[in-house]
Every structure is written in C-alpha cells, then in structure tokens.
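Structure record follows, encoded as structure tokens.
Per-chain numbering from 1; labels A, B, C and D assigned in written order.
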Amino acid sequence: MIAVAVDARPIDIGAEHAAIAGGGAGGVATFTGLVRADDGVVALELEHYPGGTEAALRALAEEAVARWSLTAARITHRVGRMLPGEAVVFVGTAARHRAAALEACAYLIDRLKTDAPFWKKETLAGGERWVDPRGSDDAAAARWEP
Amino acid sequence: MIAVAVDARPIDIGAEHAAIAGGGAGGVATFTGLVRADDGVVALELEHYPGGTEAALRALAEEAVARWSLTAARITHRVGRMLPGEAVVFVGTAARHRAAALEACAYLIDRLKTDAPFWKKETLAGGERWVDPRGSDDAAAARWEP
Amino acid sequence: MATEILYFAWVRERIGMASETIALPDGLTTVGDLVSWLAARGGGYAAAFEDRSRLRAAIDQRFVTLDAPLGRPREVALFPPVTGG
Amino acid sequence: MATEILYFAWVRERIGMASETIALPDGLTTVGDLVSWLAARGGGYAAAFEDRSRLRAAIDQRFVTLDAPLGRPREVALFPPVTGG
C-alpha cells in the first residue's frame, strides 16, 4: 500500500502511523523531520511543484516497496508556513521484518532530500532567506546507488 | 531526555512520538514492532524480568544517547497478552540531524532483541509455545560492535 | 505549440512570476538553450539565470540536466536545487 | 546470606515457580555450579536445566555467562535466551 501526500495542514503522526501498520507487517519504521529554530529561525515556508512533487514522491515510494518488499510506504510532506517544532515531513515504511522497514525508511528520507521538488525559505528576525542545499544530502542520497 | 517503560497497556504511538520531539531535534526516527499473525498465532504473551528489564533498557538508551548525541531516546515495551496487529515495542530517537536519529533507532531495536530480558509465548489454535530466538538477531546486534 | 514554463523559489521571485506560456522559437536544442534564450530578455530573467550551477530543470515533470534535449514539451520547470524533507 | 533465585519463561514453567530464596551452600564457584546444584534436585529442575546451551543468567540484574564467578549475590536469575522486541 503506497500513499503520498502534500498538505498544508499539520501532520498527524498517530494517524500516519496507523495507516501503514497492518497488512501482515511485523515492523514499522518512521522518520519525521521537524522545523529547527537554528540561527533564530522563527518560521519556515515550504514551496513545492504541484503535480511534479506527488509524482516524484510516488516514484520514490514505489522504488522502496519493490526494493525492500514493503507491505506499505507512506510519505506526507507539509507545505506552506510552519513554526519551529512542527513536522515538515513524515516517512513511514512497514515490512514483515525490521531490517527492511528501517533501511527503506532511511532510503526514502535521503532520496527525498535530493529528488523531490520542495524549497525551504526561512523567516528570521531580520528578514527571509532561501535555504541552500547541503552537500551532505547529496552524499547521503548517493550511498544508496547500486 | 531518556525514558524507558514496561507497561501492560497498549502503546499510544502519537503520545510516544510527541514525548521525544522538541528539545532542538531536527529529526525523529521510530521503530514499532507489531504482533504478526504468522502460522496461525492468535495471541502473544510477553513476560519480562521486573527491575532487570528497565535497567537493561535504560543502559541501552544511555549508550545510544552518548554514541549519537541524541536529544532524546525512548523505549516503551508492552508486556502481558496482546493480539496480532498490536504494538509490542516502540523505540524512538531524536537528534539534530537525521542520520544520527535513524542509526540510533536501528541500534536500539537490534540490541534490545538480544540484550533485554523479555520472553515471548505464542498462543496458537492448538496450544502455546515459547518463541525461540532467531540467529539473525544475534547477527544484527553484533554488527554494532566497535 | 505552446509550452508552460514554471518557476519556483528564488527563480520565481527574481523573474517575478510563477509561470508563463511561451511559443518556443526554433533553434532551441537543449534545456540550457531555453535558459539562455530567456536570460537574454534581461532584468529578472538575467538575475534568475546568472548562475547555471545553481539551476535545475524538469521537462514534463521529469528532472533533467541542462544539457538534456528540450524536445517539444508541454511543461518546463526551472528552479534552484531542492531543499525539502 | 540468603539469595533470591528467579526463573523466567519455560525455566519458570518447568520448575513450577517464579522464585525461591536459598542459602547458597559453600563450594559453588560459578553460576554454572549453582545450576548443577539445582539440577541435582531432579524433577522440574533437571528438566529446566538439561540443555545448558539454552540457558542464560543474570547476577544482581547484570547478564553474565554461566562460567562467571557466582560471588555472594542478592539475586540470581536463570532463563532462556531472550526474545523481546
């Protein structure tokens, strides 16, 4: 069961989790990215590419389900304005055994960072700035290449 | 922030997750083990070593917090009788960056499988049986040795 | 054939609009050629496209490099490196 | 000094009780010696301890191997390999 969503509403972690359990899964792994208040960030604005984003997320989820024989994969990404401590993204994977769920979860968040069309803009006391990509994200995504 | 618990009540994933977010975390990784209905299992009974279990879980959580500089680690293990689909164990880790949270989460569930005094007994249509440990669990725990 | 050009993040801000529909002229072979043609308009376009190393593209919602063949797309998106998650 | 001996899972079931308090006799050097002394009682004890490769132990809540020194513990636990998580 694959589900991807891009939504301006807050992410309900309990509901996300419940949606991927079941179906014979023995383990559910999740990763949730949170807005950090680093460097005086007071808000984060997430922009995305409607249509293109969903297609990219679905392609990643389908890859992970095939590669790790998952029973479920779910990616929910928030867009719009959010505050420090709020969840930006939820990735959840379910599989019969834990290693598959854990690896696939790490894979999805690493690849999402480099392959899905989202852009972050931080609001600070002094104004706004677009976030630059981190080189470590490219390295993290590259480690999954066969 | 370290919290470990052994509890006969169902695990509330949303509450567990909320308890480890915050504190400057940029990412939360979780693993939840579920009761599988394999081979006609109709119920699972979890026994533990009161006192010894909590000490073992706390020692594991403390190791993980030190090794990965976590902002939080939480292990909640259910005991008593439970049904297929229900959560047996929740492991949650939070860190400034995602790699630390993801690795520490995998570490904790691998080590918990071999180092924490819990025993599973399955109820099947024809009776009960104690679960034998899996050799793959020893291998998974061993890969974390320095 | 009309092509929808989409701009995101600071590319959108510098150009001052989120999308426009263009009849692509002949002679544009790659995505990079389209970028050069747009940049030649000057102003916000020149500012948005001044550093090609910080520019990414998608043709009909598929990520491509700037040297990819342009073809006859329905939709081209131009944007900075992504920073989601 | 009295020592609390705890049994878990099928060790507990075979012996037929979860714990007992014992005054350890002299001459028990290792945890394995304690196990042999208990097994010599026969019955459920012999059944519980017949396969040492499937037996694990903790002294005062610390996991130890069967060849670990017994010392003068407050609490010894004997149980099968763990299967939590």
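In the analysis below, a residue touches a chain if its C-beta (ideal position, glycine included) is under 8 Å from a C-beta of that chain, and two chains touch if they have at least 3 such contacts.
Treat the numbers as computed from the prediction; the structure is a model and nothing was measured.
Distances between chain centres, each the mean of the C-alpha atoms, put C farthest from subunit B. Taking the mean of the C-alpha atoms as each chain's centre, subunit B and subunit C sit 48 Å apart.
Put simply, the C-alpha centre of subunit C and that of subunit D have 73 angstrom between them. Centroid to centroid, with C-alpha atoms defining each point, subunit B and subunit D lie 26 Å apart. Annotation for subunit D: no residues touch 2 or more other chains.
Annotation for subunit A: residues 33, 109 touch two or more other chains. Of all possible chain pairs, the ones that touch are A-B, A-C, B-D.
Those residues of subunit C whose C-beta lies close enough to touch subunit A in the complex are 6, 8-10, 58, 61, 63, 77, 79-85.
Touching subunit B in their complex are the following residues of subunit A: 12-15, 17-18, 21-22, 24-34, 36-37, 85, 87, 96, 98-99, 101-102, 105-106, 109, 140. Residue ranges of subunit A in contact with subunit C, taken from their complex: 33, 46-49, 51-52, 55-56, 77, 88-89, 109, 112-121, 130-133, 137.
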